[in-house]
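Quick one: the structure is below, and I'll ask about it shortly.
For reference, chains read A, B, C and D in written order, and residue numbers begin at 1 within each chain.
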Amino acid sequence: MAASPVQVTGTVLTTRRVDAYHALTVVAPGVADRTRPGHFVGVAVGGPSTSMLTRRAFAIHDVKPDYGGTVELVFTVRGPGTAWLADLRARDTLDLVGPLGRPFPLPRDPCTCVLVGGEYGSASLFALGDALQQRGCRIDFVLGAPSADRLFGALRARRMGETTTLTTEDGSIGMRGKVTDVLPGVIADTRADVVYACGPMAMLQGVTAVAVEFDIPVQVAVEEAMACGIGVCMTCVLPVIGDDGVTRMVRACTDGPVFRGERVRFEDVGTIPFDALGAPGGRHA
Amino acid sequence: MAASPVQVTGTVLTTRRVDAYHALTVVAPGVADRTRPGHFVGVAVGGPSTSMLTRRAFAIHDVKPDYGGTVELVFTVRGPGTAWLADLRARDTLDLVGPLGRPFPLPRDPCTCVLVGGEYGSASLFALGDALQQRGCRIDFVLGAPSADRLFGALRARRMGETTTLTTEDGSIGMRGKVTDVLPGVIADTRADVVYACGPMAMLQGVTAVAVEFDIPVQVAVEEAMACGIGVCMTCVLPVIGDDGVTRMVRACTDGPVFRGERVRFEDVGTIPFDALGAPGGRHA
Amino acid sequence: MLTASGCGGTGRELAQFFDVTRLGAFVTRSITMAPRAGRPTPRMAETPSGLLNAVGLQGPGVEAFLTQELPWLAERGARTVVSIGGGTVAEYTALARRLADAPGVTAVEVNLSCPNVEDRGRVFARDGSSAAEVVASVRAATRYDVPVIAKLAPDVADIVAVARSCVDGGADALAMINTPVGMSVDVDTMRPSLAAGTGGLSGPAIRPLAVRCVWQVHAALPGVPIIGMGGVTSGRDALEFVLAGACAVAVGSALFHDPYACPRIQRELEELLTERGFDRLADAVGLAHHPPGSGPRGRTDLEESSL
Amino acid sequence: MLTASGCGGTGRELAQFFDVTRLGAFVTRSITMAPRAGRPTPRMAETPSGLLNAVGLQGPGVEAFLTQELPWLAERGARTVVSIGGGTVAEYTALARRLADAPGVTAVEVNLSCPNVEDRGRVFARDGSSAAEVVASVRAATRYDVPVIAKLAPDVADIVAVARSCVDGGADALAMINTPVGMSVDVDTMRPSLAAGTGGLSGPAIRPLAVRCVWQVHAALPGVPIIGMGGVTSGRDALEFVLAGACAVAVGSALFHDPYACPRIQRELEELLTERGFDRLADAVGLAHHPPGSGPRGRTDLEESSL
């Protein structure tokens, strides 16, 4: 399902602040064309003489046809790479590789979908919502964050979703708590057929547990530190159970970032489970 | 004679192109105050996450009292550091350490001075010319470069100098040839008492030979690759004969960059002369 | 232009970007006998102009490699250098034997940066005699017309001695350098950045170490072909290795940043060679050893100095 | 916070920027018996996040040092670590003797990255036994209350073995790391960038190698004080060394970029320690060895891996 990615040197069209986030719109025709909901891009940071070797991964928030195709990224400043991105101005250039990863699989037939986003994880859910609605699906949003300023896209969710439920850990907007506190109610109320989720690992784990409880499929988009984003470096792996029941260390960048939630061994992320294929001293070794 | 240097994070006031050169005016109060003709600055290049560790050295071309004190640098793009500098825009910040080095010594009494500049080497001669004129000296310029676009400051020299002689190797302006072809004539015509020179090493060597021929003092500002500019790294050394007749490997940054021309062992630059203090197997070892 | 082992995936991933048959050779990640799940994550940490990794030779094992990966490369006609890694001399030998009948193996590269389980985990590449032993047994198990390349790491006191041992052991060529061992500590979690603690350092940060190794070994063993690598990101970097003595250049971490790195660097290198008046790459190999104007044999005797 | 040897001049140059008596110690360039003119230029080349240098221990010799440089530091009350370098054990010993009566020597640092003229130019630091011999004889020639610090370089197969030899030889503390040998070739002149050919690589590029050395040696010899250095440019970098096991940190090449680096890094480090709830630097030393929650003695056994 991976679209053939390309490298482009795009021009920054606009930069803006959205609460705790920065949004960057970049002219990137070849990338925009091929993007499906859930794809991400690898962005070169730091300019020509930078000491930062690896690209940074960002979900593609929005794609527009303007200027041959633009992509929008939404990000928070974490370290030197995102700090450099936040300093970009219109007309600067940005080197992108994308679209990368496997996008969200879409249901063949119309159904009811709950879209769960944590912090900037919601960025990739709006394009997904569009695609689902085009297929006649009903969509409902559950968005959560530690605080109101880190909750991304509440307005847009309200406009798009049949219902939108917000949670913040400090209660500064919506319900005080986590998305998993409200998710069972939303699933029950909407009689949801499927859950899509994007956000921090702990949230994905919780969302998956809820979906399993309701016995409905759940698609999660994971975030793992990536050195290449194109599947060649093997640094972004996590333990995922295959169709054959065997756990393998698979790449988040090309085998994911979207996985069926119940296949991801969340508790074992950051370890090599003893029963994984090729684990030291393990049964498949 | 070294003024106590300071580090400042200045703001770029203006950037402009002058033929083959870029000129950058930076607000740098502490540096501007202390600058004497012949001083240079060490400029940090590449921004916060740069892979370029060493500062780049540039002669201070002009100092103005505006905004508490500005310095102007004139430079040509040679590698990644100067390429980065050339991309700066007004309001960007620039990190400078200066003023560095020993400035040109000025004659106690009024006399006639020939100022010889090669390429951007002329940049440091105008402040010197001002200072000499304030002491009642007569100044004459000889400026040379491979071609007209690399000859810096001809107009200003014409305005300031009693006479100005230009040479280019391709004859695109002035006489075809090198400064050393015309220098003997200028010295003779003006009955010069002293020569000041700044430019490529080969030129300084030629100018020194002419001055020695005329038996007049010559002050040269040399250019050596520098890692620190403040005298601690010992990478910028060249063989210079001391008052005691002993050749030492001295630092261009703090013992220079201005030296008495006849003391510099130009032919031996890039070697350790066998008779230098501490030379391997040498007599002082 | 080659890919560096462990940096080009299975070949399929890069084939999305360019034609892998146009590579000088595709070098596989180091293949092991059994499948290996590798090290826990985090497996990578960025350092100034460098990258630490501790992947731990994750791979499907030689059988799956021979059925699922090599045929794909062979069918397309890609020149394939198979890198092998093991914990004992016997394991390397077994791997070489297993590869001996496989069609489409252009050369075998022996990754000597593996811990020797029979020598308290001491890395083969750090000990000339065990490195030579591995090379000799792989050489013996490999078809005579398939070259054996010994891949060395820089964290030894005397790279020339290790190189010489490998050549004496039968290596047809040398690949330099594998990653030196490095480490970083996350000052926020106050723990090592990598789950494995230490990892291999790659990228432009190590280029000066790599160029120095190539230079020293080429000076000592001018007849031995050297594949240079370590921080190559541009044609200029590649030329640096060639001038120091490499007759081929491999690209590793740069692929993570620029998936088109191999064809781009190849093109840049060709342009630089043409600009400098070289008809063939071979004419530039090791040229930095000869002061301008000196005859081709007039090697200089610049000594090593860390002072 | 210390200056790294060879990176702080005579002390006078830095005194223009800050009060050198507030340094943990000022470490001199390596002092030799006779005056030395050093290597020809170019002596430096920039590399990605690194710097190659081949200064060649230029200096006035020990006599001029004792009359012109040390008294200036002593008068001001600067704590001074005198680094010494020699080509033979006898030369190191003679230097140590010459320093024994000099007032104002806080410690003697033995720069072991010098070629041993009696062992075909093999660098002392690459050979545990000759390193130990130097350290032992310097220790014997030095006043009992003046610590002797052995300074090691990373380009060895087993840094722990060399460290252990030096401690067995009587070193009171270890300084790590000196510059590994590197090289770059100028692709325009097609010659080595440094006149000396090879040079020492410093700067952030080598920090992962330095942190790894400190980590490994602290794990093996937890009681031995370590002065960590190699690419420290900020308080975070300094803290990385402390967490890996260094009880003091030295700043080298960063001084070339920021003459105020020592006081700035000191301040940044203090802030980071306070933020993390440490009252004293000592409480943070080696902390990355202990998984959170484990007792102070629960060292983890992360093994080295370059795979």
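One rule holds for everything that comes next: a residue touches a chain if its C-beta (ideal position, glycine included) is under 8 Å from a C-beta of that chain, and two chains touch if they have at least 3 such contacts.
Chain identities (UniProt): A, B = Dihydroorotate dehydrogenase B (NAD(+)), electron transfer subunit; C, D = Dihydroorotate dehydrogenase.
What you see is a predicted model; the values in this text were computed from it and never measured.
Q: Using only Cα atoms to place each chain's centre, name the chain farthest from chain D (Dihydroorotate dehydrogenase).
A: Measuring from the centre of chain D (Dihydroorotate dehydrogenase), the most distant chain centre belongs to A.
Q: Between chain A and chain D (Dihydroorotate dehydrogenase), what is the gap in Å from one C-alpha centre to the other?
A: 46
Q: Find the geometric centre of each of chain A and chain B from their Cα atoms only, then give the gap between the two centres in Å, rounded to an integer.
A: Using C-alpha averages as centres, the distance is 56 Å.
Q: At what distance in angstrom does the C-alpha mean of chain C (Dihydroorotate dehydrogenase) lie from that of chain B?
A: 46
Q: Could you put a whole-Å number on the gap between the CA centroids of chain A and chain C (Dihydroorotate dehydrogenase)?
A: Using C-alpha averages as centres, the distance is 35 Å.
Q: Two-or-more-chain contact residues of chain B, please, as numbers and ranges.
A: 51-52, in rising order.
Q: Which residues of chain C (Dihydroorotate dehydrogenase) are in contact with two or more other chains?
A: 39, 48-50, 55, 203-204, in rising order.
Q: Line, ring, star, complete or other: which describes how these chains touch one another?
A: Its topology is that of a complete graph.
Q: Give the list of chain C (Dihydroorotate dehydrogenase) residues in touch with chain D (Dihydroorotate dehydrogenase) in this complex.
A: Listed in rising order, the residues are 30, 39, 47-50, 52, 54-57, 85, 113-115, 121, 123, 126-127, 153-158, 178-185, 187, 190-192, 196-201, 203-209, 211-212, 215-216, 231, 236, 239-240, 243-244, 272, 276, 284, 287-288, 291-292, 300, 302-307.
Q: Which bits of chain C (Dihydroorotate dehydrogenase) are touching chain A when the two form their complex?
A: So the residues of chain C (Dihydroorotate dehydrogenase) in touch with chain A come to 6-9, 13-14, 16-17, 29, 34-44, 46, 48-51, 53, 55, 58-61, 195, 203-204, 253, 255-260.
Q: Note which residues of chain D (Dihydroorotate dehydrogenase) are touching chain A in the complex, please.
A: The touching residues are 48-49, 204.
Q: What residues on chain B touch chain A, complex-wise?
A: 45-52, 80-81, 83-84
Q: Show which residues of chain B lie in contact with chain C (Dihydroorotate dehydrogenase) when the two form their complex.
A: Touch list, chain B to chain C (Dihydroorotate dehydrogenase): 51.
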